[in-house]
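Letters A, B, C, D and E name the chains as they come in the text, with residue numbers starting at 1 for each one.
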Amino acid sequence: MILARVLGNVVATKKHPSYTGHKTLIVQPVDEYGNDTGTSFVACDSVQAGPGDVVLVEQEGNCARQILGTLKDPFHSVICGIVDRVKLEG
Amino acid sequence: MILARVLGNVVATKKHPSYTGHKTLIVQPVDEYGNDTGTSFVACDSVQAGPGDVVLVEQEGNCARQILGTLKDPFHSVICGIVDRVKLEG
Amino acid sequence: MILARVLGNVVATKKHPSYTGHKTLIVQPVDEYGNDTGTSFVACDSVQAGPGDVVLVEQEGNCARQILGTLKDPFHSVICGIVDRVKLEG
Amino acid sequence: MILARVLGNVVATKKHPSYTGHKTLIVQPVDEYGNDTGTSFVACDSVQAGPGDVVLVEQEGNCARQILGTLKDPFHSVICGIVDRVKLEG
Amino acid sequence: MILARVLGNVVATKKHPSYTGHKTLIVQPVDEYGNDTGTSFVACDSVQAGPGDVVLVEQEGNCARQILGTLKDPFHSVICGIVDRVKLEG
């Protein structure tokens, strides 16, 4: 999983039917201090995340399908937690 | 999924038979503002995308096979939506 | 597998139920000299690692599921060893 | 799939038996203009590609196994087409 | 597969039981000229490689499991050949 911040959402009227009914958000990967790292991408939401939230994103198809509860959802990336805080130690 | 812009297509007369009959496009990854990020690659189209379109691309083999509707298509990357707009908030 | 250093942990009250009961740590990839490389990410712990430990992290879903002993845990990255030392030769 | 240019081949006398009889080539990823991008890697050939050819390379294990026609070949990357030209539009 | 040079090995007394009995080496990715590229990582050995050897490394879980001969070994990266030489042409 990586940390990311929700930027907003993507509107796509013309899409493959299997995406209908899923909420997809655009997210920006961040490091442990909340600084941007790497490039934004699009993930499916499973925890009612919203813009500005720092979230946990799992980026593997099998994990995504387990979280979404079906073997047929063609998602690779899924938002699976909303981060309250990162505790750095050591 | 990532955002990408369709650049054009790739002509390959000599190819593995399993690719015959599929439309493959070359796409450039972009960020939420439409700026180029990373390197172009080749994806199979499932939504009748054309040059200049900003599209959603799924990059996992199992997702690609679900979208294409067969377990036998050897594609890793598939275009699965045409983006109308990206709404940034928060 | 890669080498990484444990930075701390991530608190997420709101998360998908399948993550409940798992210890997740934030780790920083390092090279053979312990220098930071790349970006921090979140991994599930299987060896009671703690902050400051240099650890081995496996980053593939099937490996993670084998180590965690269940096919249902939606983890991609798992901490599977604590490094005593790296011996460079040759 | 990505675009790549064939650089040559790799000679490895001592190798795992499952690689015997396969032609492996070293390839350099290129962009839509033929410029180098990223780092060279080794792929299995399925289309009789040769040095200097610009080729399509699929980089996923399941795709590779489908193209090679067996579930037992331990290849991740496979050359699956020889590019005649890239047509940029839009 | 990628080319890499064996740097040494990693000593980890505390590790998940499934790693016991496997030889794991730390390797540095290299390009076709032997120059370092990217970051070192840890791979399981299947060909009796040693420090200083330039090796072929396969980085996919299914490939690794096929080479190691068991579906239960939680390795993603495996050393599967020792490179005699790279022949560049074209």
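The criterion applied here is as follows: contacts are C-beta pairs under 8 Å (C-beta built on N, C-alpha and C of every residue); 3 or more make two chains touch, one makes a residue touch a chain.
It should be emphasised that the depicted structure is a prediction, and the values quoted were computed from it without experimental measurement.
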_Those chains which touch chain E and also touch chain A_ = C
_Where chain B and chain D are represented by their mean Cα positions, the distance between them in whole Å_ = 20
*Between chain B and chain C, what is the gap in Å from one C-alpha centre to the other?*
32
*Numbers and ranges of chain E residues touching at least 2 other chains*: 60-62
*Please trace the ring of touching chains beginning with chain D, moving first to chain E, and write out the chain order.*
D, E, C, A, B
*Residues of chain A touching chain B in their complex?*
6-16, 18-19, 24, 26, 28, 39-43, 50-53, 60-62, 65, 72, 74-77
*Along chain B, where are the residues that touch chain A in the complex?*
1-3, 29, 31-32, 37-38, 46-48, 56, 58-64, 66-67, 80-90
